[in-house]
Amino acid sequence: MSEARNIEAGRPGNSAAREEGIVRYRQVRSRSIELAAPLSPEDQVIQSMADASPTKWHLAHTTWFFETFLLRDHLAAYRLFDDDFPYLFNSYYEAEGPRHERPARGLLSRPSLEQVHAYREHVDAAMERIIDSLTESSDGPALRRLLVLGLNHEQQHQELLLMDIKHALSRNPLRPAYSPVPKIEPSSTSPAMKMLRIAGGLVEVGYEGDGFSFDNETPRHKAWLEDYRLASRPVSNAEFLEFIDDGGYREPRWWLSDGWQTVQQEHWQAPLYWYRDDGRWLQHTLLGPRAVDPNEPVTHVSYYEADAFAAWAGKRLPTEVEWERAAMERGTDGAFADSGRFHPKPARGEGLCQMMGDVWEWTASAYAPYPGFRAAEGAVGEYNGKFMVNQQVLRGGCCVTAAGHARPSYRNFFYPHQRWMFSGIRLAEDA
Amino acid sequence: MSEARNIEAGRPGNSAAREEGIVRYRQVRSRSIELAAPLSPEDQVIQSMADASPTKWHLAHTTWFFETFLLRDHLAAYRLFDDDFPYLFNSYYEAEGPRHERPARGLLSRPSLEQVHAYREHVDAAMERIIDSLTESSDGPALRRLLVLGLNHEQQHQELLLMDIKHALSRNPLRPAYSPVPKIEPSSTSPAMKMLRIAGGLVEVGYEGDGFSFDNETPRHKAWLEDYRLASRPVSNAEFLEFIDDGGYREPRWWLSDGWQTVQQEHWQAPLYWYRDDGRWLQHTLLGPRAVDPNEPVTHVSYYEADAFAAWAGKRLPTEVEWERAAMERGTDGAFADSGRFHPKPARGEGLCQMMGDVWEWTASAYAPYPGFRAAEGAVGEYNGKFMVNQQVLRGGCCVTAAGHARPSYRNFFYPHQRWMFSGIRLAEDA
Amino acid sequence: MSEARNIEAGRPGNSAAREEGIVRYRQVRSRSIELAAPLSPEDQVIQSMADASPTKWHLAHTTWFFETFLLRDHLAAYRLFDDDFPYLFNSYYEAEGPRHERPARGLLSRPSLEQVHAYREHVDAAMERIIDSLTESSDGPALRRLLVLGLNHEQQHQELLLMDIKHALSRNPLRPAYSPVPKIEPSSTSPAMKMLRIAGGLVEVGYEGDGFSFDNETPRHKAWLEDYRLASRPVSNAEFLEFIDDGGYREPRWWLSDGWQTVQQEHWQAPLYWYRDDGRWLQHTLLGPRAVDPNEPVTHVSYYEADAFAAWAGKRLPTEVEWERAAMERGTDGAFADSGRFHPKPARGEGLCQMMGDVWEWTASAYAPYPGFRAAEGAVGEYNGKFMVNQQVLRGGCCVTAAGHARPSYRNFFYPHQRWMFSGIRLAEDA
Amino acid sequence: MSEARNIEAGRPGNSAAREEGIVRYRQVRSRSIELAAPLSPEDQVIQSMADASPTKWHLAHTTWFFETFLLRDHLAAYRLFDDDFPYLFNSYYEAEGPRHERPARGLLSRPSLEQVHAYREHVDAAMERIIDSLTESSDGPALRRLLVLGLNHEQQHQELLLMDIKHALSRNPLRPAYSPVPKIEPSSTSPAMKMLRIAGGLVEVGYEGDGFSFDNETPRHKAWLEDYRLASRPVSNAEFLEFIDDGGYREPRWWLSDGWQTVQQEHWQAPLYWYRDDGRWLQHTLLGPRAVDPNEPVTHVSYYEADAFAAWAGKRLPTEVEWERAAMERGTDGAFADSGRFHPKPARGEGLCQMMGDVWEWTASAYAPYPGFRAAEGAVGEYNGKFMVNQQVLRGGCCVTAAGHARPSYRNFFYPHQRWMFSGIRLAEDA
């Protein structure tokens, strides 16, 4: 985020700015290649559900974003790397024309991974030329905004890449790991959960500043808040196991009606990736199968499970306004993807812990436009606005989010039944 | 509503109160029978989709509500009319045990309509005994609350009965009418739509008073509102036809992503019940097929269509807070079910017209608990709270809502794709 | 059958023939009304699955058949009873134009049962006029064939009416009976099953004679048959219970691959309509719930179950040629619908018992055209021929087949997964 | 086939037999590797529908067959290459225990292609040891039968591999070719179709001899046949285009009822892989997109299309007995997979052409056991018998069948709606 600000708003001398812009671009782009590195070409082609995409597709789509919104429209004499690629690698931008059907992305054995790498290099070379010219160009500020949007877009896909490959590998009976197991520190007991009182009033939320934010975080606006309490840390596996052991998945009274229907249809009995082996709970992780650690935050729960757990616990989920106010004032951070662990850590420390990082936290707020919201003009206006129904907001980033990508005003959103993101639970209650 | 208050809160002398209670009970109960009267036993058994229920089932289920929550639990020596009925006629109360599968309600040729009428009479006789005893009983106030809840519940089912039979009859190629066509006044030109400015600030919304309200309308609470504008009347058929003629159903940019997917999957090209015949638009109504009247409010649109229309018109939908503030201050009423027309009327008059009645108005607000919301204890706590996800709030009542049933704080809710209720559109915009 | 011959081929004097034709017509037509008589209008409107039709629809469709293929085309100045009825009551005759969607037949509360009765009377009156004129008319023989086809068609629908209402009532948790329970004779022990040797050779099968047959029974043709053995009676419930108790429904090796998949998807554990209550097997019947009688033939089994049972028993199902040869030579009859029992009887007697009646018997033969088969010209050519793929032949009629309707050459056909007809099992083996 | 006989039945001196056995084994096994060679590891992992399997899976499954039925059970001290592989690579043998879900085969990025190659080598080495010992072993004849079955099984999967990759590549918008385009000879006009008269009588069909056959081809048995006529060659694309141009896909009267339903649901308008481009018909082939050649046999048609075409042409499809008699007496051969063309050739020559090779020919016969059929004991008994319902027999082999694999008595079988095999149409009629 601070890096983003360097490009967008910092105003060092022109040549230094150019240099910084290119460095930042290279950092983000090479990070995608690094994340794909442990995977074979075979791993990178598979798609395990319509919601997920193959690794190779992520590498190509993020490249298409730069090619389409910057190079094609703004770099004189730029030639598309391949005329078929816009059809293959447009995700959901209706204004950009027809595109390949989402559930069939996993059939794209061609173009080969090698060709996708060549595509990235082709676009990267052209992007460096355009970045080089930004400070002189009259539409420099607009292009810089698109450039920064493209980099943040690529970081979002880095997270999706990890979520998606986790899901794909979990469907393999061999339960392969994404990466060799790092040294996992012995789990320490997590501190007791406290409900911390936070004062309400007429507050302001939403992004404001000279750095980057997505359009859905704006405009900053007023909201009324009663006093409330927020849990000092996310719900742990140990606490969620109590819910399971108390028959939580069999008792309709804790559940929203749609949630109860989902539990029955899907035969849910535990978070996604959990399974029983010889009487104990294991979970599939990016590091391969591991015992469920009681001290780690519970993750891969749906909104329905988060809400049911809160009901069972006699609490509720926070609204996004409650969450954001607390995070802006005093939250501390957990771990992001740069830790290389790709799995949430047990809580540690005092006060309002792990607000950012480790697990995304479901809020009670439906994803909706802020008062006064306007989507961007043109195709990039489809980035966020058209999804503003049927989804719930999550806040805070997680252990597979790129470091520096998230911020307190950042609004993530998923459907209530989805669980393949690293979603967790932070409880709230009226003061 | 005012009637409800008589029972609940008005405190005339005991015998007068008794009398009034019984009168009110009889009024509501006999209204259900009146509404079913134009239908044959054959009509009353059919079910055209899982969301809808047969007329006969509504007559029985509303009776079950009184039997279960009042008679069984509170009337000494009460014997169930039939031991199988709780299984057949419980709708969705998990706490009341297992129940018949919803999509199979249309297979219940037995019990016969005659038996259901006998069930109603059995329960009514017992109810009159219990109402009679309310003023003396120590749990009188609690029972009175359940009684009023039961009457409001029955009124909701009167509306559902009309919505559901409209849908069922629309599936019949003969396009039969529910009732003989009344004299339809010639349509007058509707007044031009004006966007009326309304002042914001720190407002209060939610029910407060000594009458009846559902739990989801409470507690009354503060909210911050910027100044805004609200349309003087609902969108008319003429205006919606412009959207259709402008290719609105074929242009993705007006639509939420989920909406666009629905349009394509369902091949929507117009509101529900509209069809083309010899080049002109007709619509199925409770009075049989009729030409689409340009001056009537458009109805039977989904949230997706309402939102797309607003985007096309360069406006937006109001939030429920915006809607409620305006309705409390200066809205005028349209028509309800007592008009016997069962179809929305063209707008007439000045100012903020038809806020109540004629068509339910989609709001931009997801259905969620108010700050501090608590569901009632026990099975009736399932009445509203467990549906608070994935649905959008509609406000204002409609032409098939029982007169006196709705109020400005009343929150109706449906899924964004649903259209068989009498839903319409009122536009809003930032001031 | 013999009755049919009277009309078709018998040649008494003209006025006697007329008289007989009308008597026969009235018998068949009034039988349909008799079969519907125990059912209320509400019962007659419901449809419990796409494969089944409402009673009222059967009453109307059989009438449509006469109206369309005889009256409309051959009775001068005949006027359709109602111009909408052909659309509503055409079943599957593509050549007769578009028609109402099959799974929505249960939504036809209108036309009312009363109107359908009026339709029948209108058509019956006109039919009597046409029958009256048959002997003089030059196209008399062709019309006589259509008349007899229409009567046999109506008899088939009488059987479907009983099958379908059994299914519909079985979906009602009250488990209502179609008709008051008759005096059920105490069950006698069924005779031991014997495998009777039957000589093969170059045989002839298929209908030949001057009575009525469906086109699919012809032409009579040669077939080679090895010697074989056929069971003296259908498999009994007691024998089928052994299969169940031996884990037959859990052991893939007895099952065809498609059958095993169906067992798992549908969670089959017993024949259709069987259910356990307090540790014993009951079954839903047209007479209401009854204990499974060990001596009755097992019924409501799919082809998959019949084949799996035969594999488990070390036997096989007979081909239709094997079945027909045996039936023509020496089978004895069981009970048909005129018994009023509507449920198969235990076997009794010696030799090859119950070949005709009681339960339809699955054969190993796929339903296919006989060598030299030609469908009739025009719309009635769709009667049988277009179904000759994916289905298996059943033989022999059952306890809800009209008496005199079936014959040894009669070919019934259903999909291998279907079970709502009164299907049973007769074993065979190589000699 | 002749090769198979060498192993199975030919009895040269022991060491020569050993040598021949090993040569034959190596030929078949290396052919699979050759067929996969044009494909990248990425190509080999994808699966485009539940009916198809990834190339890599075919390479592993055929290996599993030898490992399971020969090595594991009969080679002393043999150790499984990998304990997880039986779970992953068992196809449908219930007796061999649980297995990976078929539609998820395309998610198996691990084991890698490299590991699958190592698996093949491991098993091949052990197989050579077992083949070496066959002549001395007391269970030599039984093992030789399993060996030959395994080789024929692998040849079947070679055909499936080509069918499946054709389907997978066809789903890629880039329409990639499986192999570089060979020199395609200019198309010659195909000879006119003649209906050749063939004499009936009491014939014998089914395999008899000392070579290899599948169990479903036996026992040889008598059947009665009337005189008939069979087309001199398969239906050509030109002829099928006439059907299309005559509105064949829009006219219900040509279609079986299930076929018509499929046409409407699937929106079929032409054979699989055909598509229109600029007003002309192209087709996806293993050699990439090509114009539809009027002289080539039509291929990739379902049974429904074959039957509808025959009805439109005033003919019918032959039964399998009719087909086999003709093929045994005087058919000539077309091309097989060794041609390297992987696409059917235009008919050439006189008489009964292309009975074997080029396209599989749908017959009017449902796939059923021959009189006296017995499946093999044990798990290999599941090879054919359990599929004997709901499918139709095809005869003759095709352009992707291994040369020498098919024979006149060979029975292939597919569901009537399937089209991804190289299926074609040969007409017949009564004499």
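The chains carry the letters A, B, C and D, assigned in the order they are written, with residues numbered from 1 in each.
The working rule: a residue touches a chain if its C-beta (ideal position, glycine included) is under 8 Å from a C-beta of that chain, and two chains touch if they have at least 3 such contacts.
In this text, all values refer to a predicted model and were calculated from it rather than measured experimentally.
Asks: Check every other chain and keep only those touching both chain A and chain D; list them.
Replies: none
Asks: What chain lies farthest away from chain D once each centre is taken as the mean of the Cα atoms?
Replies: B
Asks: Just how far, in Å, is the C-alpha centre of chain D from the one of chain B?
Replies: That gives a centre separation of 61 Å.
Asks: Round to the nearest whole Å and give the separation of the Cα centres of chain C and chain D.
Replies: Each chain reduced to its C-alpha mean, chain C and chain D end up 39 Å apart.
Asks: I need the residues of chain A touching at least two other chains; which ones are they?
Replies: none
Asks: So that we know how the chains sit together, what is the shape of their touch graph: line, ring, star, complete or other?
Replies: Shape = ring; chains linked end to end, path closes on itself.
Asks: What does chain A use to touch chain D in their complex?
Replies: Within the complex, chain A touches chain D at residues 40-46, 48, 84, 87-88, 100, 104, 106-113, 168-169, 171-174, 176.
Asks: Which residues of chain C touch chain D in the complex?
Replies: 92, 94-95, 202, 221-224, 226, 252-253, 255-260, 303-304, 307, 316, 364-366, 368-369, 371-372, 382, 386-390, 392, 416, 430
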